[in-house]
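The two complexes that follow have chain A in common; it is paired with chain B in the first and with chain C in the second.
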Partner chain A sequence: MAKFSIATVFIASISLLLALSNSFSLENPTDRRILVLVDDLALKSSHSIFFSSLQTRGFELDFKLSDDPKIALQRYGQYLYDGLILFSPTIERFGGSLDVAAILDFVDSGKDLIVAADASASDLIRNIAAECGVDFDEDSSAVVIDHGSYAVSGTEGDHTLIAADDFIQSDVLLGTTKIEAPVLFKGIGHSLNPANSLVLKVLSASPSAYSANPKSKLSSPPSLSGSSISLVSVVQARNNARVLFSGSLDLFSNKFFKSPVQKAGSSNKYAKSGNQQFVTELSKWVFHERGHLKAVNVRHHRVGETDEPAIYRINDDLEYLVEIYEWSGSSWEPYVANDVQIQFYMMSPYVLKTMSTDKKGLYHTSFKVPDVYGVFQFKVEYQRLGYTSLSLAKQIPVRPFRHNEYERFIPTAFPYYGASFSTMAAFFIFSFVYLYSK
Partner chain B sequence: MGKSPTTKDDAQALFKSLRSAYSATPTNLKIIDLYVVFAVSTALVQVVYLAIVGSFPFNSFLSGVLSCVGTAVLAVCLRIQVNKENKEFKDLPPERAFADFVLCNLVLHLVIMNFLG
Partner chain C sequence: MELSKISAVKKELGTLFRYFLVFCKTWEANGPKYYDSVTLKTLAFQIQLVLQSPITSPAIKFAMAKKLGFAFLVLVAASICEAAVIFNPISEAHRSAALELFSVAAGKFSSLEEAFEALRTFEVLEIETKPDLKDSTCKYVVDTLSSGSSNAKDLYHALRVSSLLKCKISKGDLAGAASRLKDSVKDAKSLLDFYYPVGGLILIKDQTSEVDVLFADGDGIFRSVKALSQSDGRWRYSSNNPESSTFAAGVALETLSGIITLTSSEIDGNLIDTLKNDVVKLFDNIHKYDDGAYYFDDQLLDASGHQGPLSATSSVVRGLTAFSSTSGSLNIPGDKILGLARFFLGIGIPGNGKDLYYQIDALACLENNRVSVPLILSLPACVISVTRQEKLKVRVTTVLGSTAPPLSVKLMQVFSSGSKDASIIKQELKFDPKEAVHTLDALPVGVDIGEYVFAFEIVLSDPEHKKIYATGGRTKVPIYITGVVEVDNAKVEVLESDSIETQKTLDLPGKNDVALSANHLQKLWLSFQLTTPLQNRFKPHQALLKLRHESGVEHMFVVGNSGKQFEITLDFLGLVEKFFYLSGKYDMEVTVGDAAMENSFLQPLGHIELDLPDVPEKATRPPPQAVDPYSRYGPKPEITHIFRPQEKRPPQELSYAFLGLVFVPLLGFFFGLLRLGVNMKNFPTSTVPATFAILFHGGIAAVLVLYALFWLKLDLFTTLKTLGFVGMFLMFVGHRTLSHLASTSSKVKSS
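So, the complex of A and B:
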């Protein structure tokens, strides 16, 4: 009886836990709870359009001062948040137990992160960025200056307010609607670590940009210049955690969202900058409202059969099917592409075939098992810019013919059969002739 | 001018002497020779056939040709042993030589049948 009640309590608490953790899951990959760390709570009103767009999309924002001693990302080993927004460029040391290692652990466990730096970015923020392959300009007084494509304003300034329109060409990152107006940017530039293959430049500076202190005379060549300067970058880790780095906090501000923009040397004047569209679309990607793929219902069988065999024979004809869906923010939609490939793999791919799709998410192909036996794998390695990576592997052994499965009585071989039997007959006749001739 | 008739005459003389020498061969050795010629010519026919149709099925080709070649080799062995002019095997009775020949042939054809496919 006591055992029974303990089990009941256990099951009840498990189901309660499941009900409470209404968050990022395999079936619903969009984030829910987001911690926003700010230097100053005034940011809550100066960046309110960005925050309210997140809230209307269903995110629960939890604002905290970055030196709040009660900051905690996890409790009892469970993460309290699915995403973290660091709008605190000047903080030297977080309150509570949060530090660089804790933030990297957060990302390593598949959670998402947005980091905005600014002209006076602290070493802490630079360290987080450096760990993700983003190197902000080491000169702490340097900002990005562009005398070629600055934003035209009433007074002739120092050209640190940049109108950038060199976006990455990717619908999954920036949405299908083209961003017409340039994006206003005022802050520091960064370069990408060439050793990191996961980091992508989303918004790059124009070829005439450079990174320097605008108040002092330029005595030596700037360390960062031209379109190798990245203004906004993203990282998608191998565990599909997504991280956004921006060199400008003002990029997200109401002021930049609403201000008109005109790029120097261009007669096009836009009533509203591209910031709002750019930031909204990019945040959709970062918080897994777009570009999240899942593969389900992987199956294979011999052509003409429906059951999955435990083993194939060489030269069998087989069929392989997989369904791939993309998360649209509210439901799983069929993913349509013409470049999903299957490998039949043993040390190296023996078969590499592009699968055809029925446009409803089902991908299928059929091929002949090669004339080689051993332990093979069905492999789908699908890595496309902006999409979560799919990596499926399923092991399957392939056996040779059984001794009674070989072809027999082949017409081509009849002369050989004839020769063998005629030799036997000749031996028989020869024996008689040899023994009885005298 | 006088050279080529001389060569022709030489060749004719050679064949004539060979034929007369061979006619002196005992009948049982002649029978063995006929048997060897049959086996070797069957093997040659199969090699020509292989050159025409290709090497599939190769196991059948091997067993067909090896049965002919094996038979020829065993028959030559028998001929060496039963030849009266061969002093090396003068202690070996021809009955014993023939029994060896039959046994070896049985083993050969058993292997050939297994490999024929």
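So, the complex of A and C:
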């Protein structure tokens, strides 16, 4: 019996270990387990292309109704999920222990979040967004209308179906393949807090767009208008948690994925909208399949040496090397860029230099230590749009010359040396002359 | 008497008026959907009451009735507006979706149930099945039927697949399967225990007439299934499970109709009548969407573990079709059947195979059912452009998209979304048999560009068809009529106390670049006129003027409608605070847009130079502007350390030259000594003093060398130590030498 229980515990711990090793970690930053909260399970079918694209990429999706009383993000202090998808725009109160604070804690612990709202977005969803610097239009009846760049359609005449093509210029967010076809959007707009530097507008509305109720007359200026309306935004927190906000749940739907699109005033007809590519690429980013960097093997030494010294002397020539890799979803690939910069820093940067790369992930540079002594830092502060930020700092003291390290024989002083020695020679001769001459 | 009557009238009037006000407020807050038929009836009743009340003054009567009548009209219009949604029949998109969702990996289905769902969907959508897939599936079917270990469920699915694929199955296998199914019916307990064998036996009956599949005790089996029914029309899965389900109701109906077919004797007519009642009760539980779609909801997990309205509704439709085909007509209103069809069509294209099967199978059942066949009115396009002279086209088909029986379509009413009133017209659409579309030749009189709701009515040509087809009365569809709006008399002016300072005409839509200037005592005035193709005035939804300061601060104003034209006056005196006292160049931009306007535009007008007063202390600061994300993340400019410059030194040549010069005095010294004729005559001649003299001078030389060494490499301690020893030695030898020299010189003096 005892043997049996020991075996059970052993098997349980092994399976727990396996489960843990399968989840998000520093070495394997892609999310694995995702909780999907929906208002209606029919969404599973109407948005199945999006969900199956996640499943084929290896994610385990756990679908729950958003008012399910059994919802829990963590158990025994451990998070059960690495990501959360909120496809429940109308929910006023989550089931179980989930609330705004729990979701923010989830993000604060480095987990990822996708939130989709639509014209019926509840205060709960608006609050979550507002906490992340995304402010949905306060007028609950307002939707984004665009009489300039709507999607031409035989059945949608009120110009709330928008063909948006003002994407952020970033390969890491939207993939290297350019999104040719416009993205269909039908929902509410939001604005970004200008003081928040972590939130980025991924898809903006066109300058002629505005956010209003299409059914009622516009009596006061719309609170959101023009290209300051953001349709889809992302947030990358300082702990590299990533959050996606979309004002349209339909953006992710099979219907929009497959529908042909033609932007008003343009003769280009596309057989398929850009939604699928846009959403797939963006979800790759959100779930850390792209744009996640790590820096390893940070080392520095004097030119011509290999060992790392404990201290540098002013005017030494040194070499600094670091290897940077990007997570591709399955493995760490060398990261290639030409803008990684190193700072030699004491209160302010004394040297700031762009490092050269061998295109295999290794970045290196060499420079002369400044002629100021003190405690310096090697600093790599790499913050690029869409990438996780790298922040490396290594302290290193710098000392002045020792007394015997200065130049020994200065030519300018030769006359003085000469004078001394000639006096000594003269004294020596004079001692003979004085004593023995007659 | 008269006085009390008047006060009573006043009181009544007040109550009614308050009621009306409350109604108006709720109307504004909730829109038309809030009011249902009950409200309508109440209101109509009140109008009647007012007209019948013993109030003397007919004028008051009339006024009250008028007010209530208006409310009534508004409600009627609203109740009609709510269901303006277009449903489209099954189309090509479903076929490609079916091929995608049921794409068979490795040429074989994973289970017979999945095979049936795929093959049934393909059959309804008229998609060819590949022969090799057919062969492999048939082999699977034969294996299942001949295997002794397959249970009733497996046999049922196998028979279902074979009925679709027309597999060749030996009579022995069929007979074996039939006897096994019959045995399982005998000891069946739950609903599904009945469902699979009965379904299987029906399929065997359809395939061959040589195997005996009929029940001897059909009545008894019927009763034991019927025992599972609930009072609300729903059914239980088994007698020991108290929970009832709508999905089970569909399954039960299908089973019972199967039992009726399989029974050799007649079933008790009363039983069938109660069953028909159950079906009607089931339809009392139906749910309704705003757009006129009806569906059944199910709380329980269904047999396949698939939950939701789609599977429940699909199951009921299947059961209903089977039941109505065996037991004759059912008393179910045609609009509910049409509502069910709308529910399935409203789903669009489901994202998984199971849902697609539920949808397509249910629609196929509806297409062929005996109760009433729904007809769907669809529009290829509901955005009609008057500039391109597009015509309104309507298509009437069955749910699967096949042609409808001869009929005509009439446009009955046109509702304008702006004014809520309905104009009643009866205009028949012209039928084009070649394309099977009904075309509206000309838009009704008075229909200008804008948003409308058109109400169509389908009139079947053959009165007999009215019993077979459900047309659902009036079908309301939203119609957008678009056209090019002409912009005239666009002007912008700067006014100072109502006298025109500057006036510029604008070309809208077109390129403009006006340059204006104004101070805070002046006003900016902008106006334009909009005319529709029918020469009516047009009020767009979006008419905005935007002023953007150089610093990026934007201000937006709604251009108001003054009846004749659109105009806006910006009095800068009142706006200085709003403009944050920011003087400088403001770019002007006007946006005019509407859903009905084909030439919506966003036009920069030029700029205005504003001269506003200085910022007072307490003024609010302009809000921070968004930072361009690209600039926030770019690489920083490089910094290189500027090293301290090297000390300035004379050129080396100069140093060497001076080094040479430094030796000149030494040479002069030597030269002087030679001129003086120095000699060494005083050097001691005897050995001992000479040795001491040599040692003495050697010592001096050693001290000098020590100095040189100190300069080159020795440190102070070594030098001083050595100097101590050398000094002592030097003292000794120096003393001997000097005393010897002194004694020699005193000898010479004395001599």
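What we mean here is this: the second predicted complex is superposed on the first by the 392 of 438 C-alpha atoms of A that agree within 3 Å, B and C clash if a C-alpha of one lies under 4 Å from a C-alpha of the other, contacts with A are read in each partner's own complex, and residues count from 1 in each chain.
Everything below uses one rule, namely that contacts are C-beta pairs under 8 Å (C-beta built on N, C-alpha and C of every residue); 3 or more make two chains touch, one makes a residue touch a chain.
All values derive from a computational prediction rather than experimental measurement.
S.K.: Using the superposition on chain A described above, determine whether A:Met424 touches chain B (first), chain C (second), both, or neither.
M.R.: Touch status of A:Met424: both partners.
S.K.: In the superposed arrangement, does A:Leu218 touch chain B (first), chain C (second), both or neither?
M.R.: second
S.K.: Touch check for A:Leu80: first (chain B), second (chain C), both, or neither?
M.R.: neither
S.K.: May I ask you to decide whether A:Pro415 touches chain B, chain C, both, or neither, giving the answer as first, second, both or neither?
M.R.: both
S.K.: Between chain B and chain C, whom does A:Leu198 touch in the aligned arrangement: first, second, both, or neither?
M.R.: So A:Leu198 meets neither chain B nor chain C here.
S.K.: Considering only the touch criterion stated at the top, classify A:Val433 as touching first (chain B), second (chain C), both, or neither.
M.R.: Both partners, chain B and chain C.
S.K.: Which partner, chain B or chain C, touches the larger number of chain A residues?
M.R.: C
S.K.: State whether A:Tyr406 touches chain B only (first), chain C only (second), both chains, or neither.
M.R.: In the superposition, A:Tyr406 contacts chain B only.
S.K.: Can you list the residues of chain A that touch chain B in one structure and chain C in the other?
M.R.: Dual-contact residues (chain A): 410, 412-413, 415, 417, 419, 422, 424, 426-427, 430-431, 433, 435, 437.
S.K.: Write out the stretch or stretches of chain A touching chain B in their complex.
M.R.: Contact set of chain A toward chain B: 406-408, 410, 412-413, 415-417, 419-420, 422-424, 426-427, 430-431, 433-435, 437.
S.K.: Contact residues on chain C for chain A in the complex?
M.R.: Its residues touching chain A are 31, 86, 93, 307-310, 347-352, 355, 379-383, 417, 451, 478-480, 482, 539, 541-544, 546, 554, 556-558, 591, 593-595, 597, 600-602, 623-627, 629-630, 632-641, 643-644, 649-650, 652, 655-656, 658-659, 661-663, 665-666, 669-670, 673, 676, 678-683, 693, 697, 700-701, 704, 707-708, 711, 737, 741.
S.K.: Contact residues on chain A for chain C in the complex?
M.R.: 41-42, 44-49, 51-52, 145-148, 153-159, 168-169, 192, 194-195, 197, 200-201, 207-208, 210, 212, 214-215, 217-222, 225-226, 228, 254-255, 258, 315, 339, 341, 343-344, 349-354, 367-368, 370-372, 383-385, 410-415, 417-419, 421-422, 424-433, 435-438
S.K.: Please name which positions on chain B make contact with chain A in the complex.
M.R.: 27-28, 31-32, 35, 38-39, 42-43, 45-46, 49, 53, 56-57, 60-61, 63-65, 67-68, 71, 75, 98, 102, 105, 109, 112-113, 116-117
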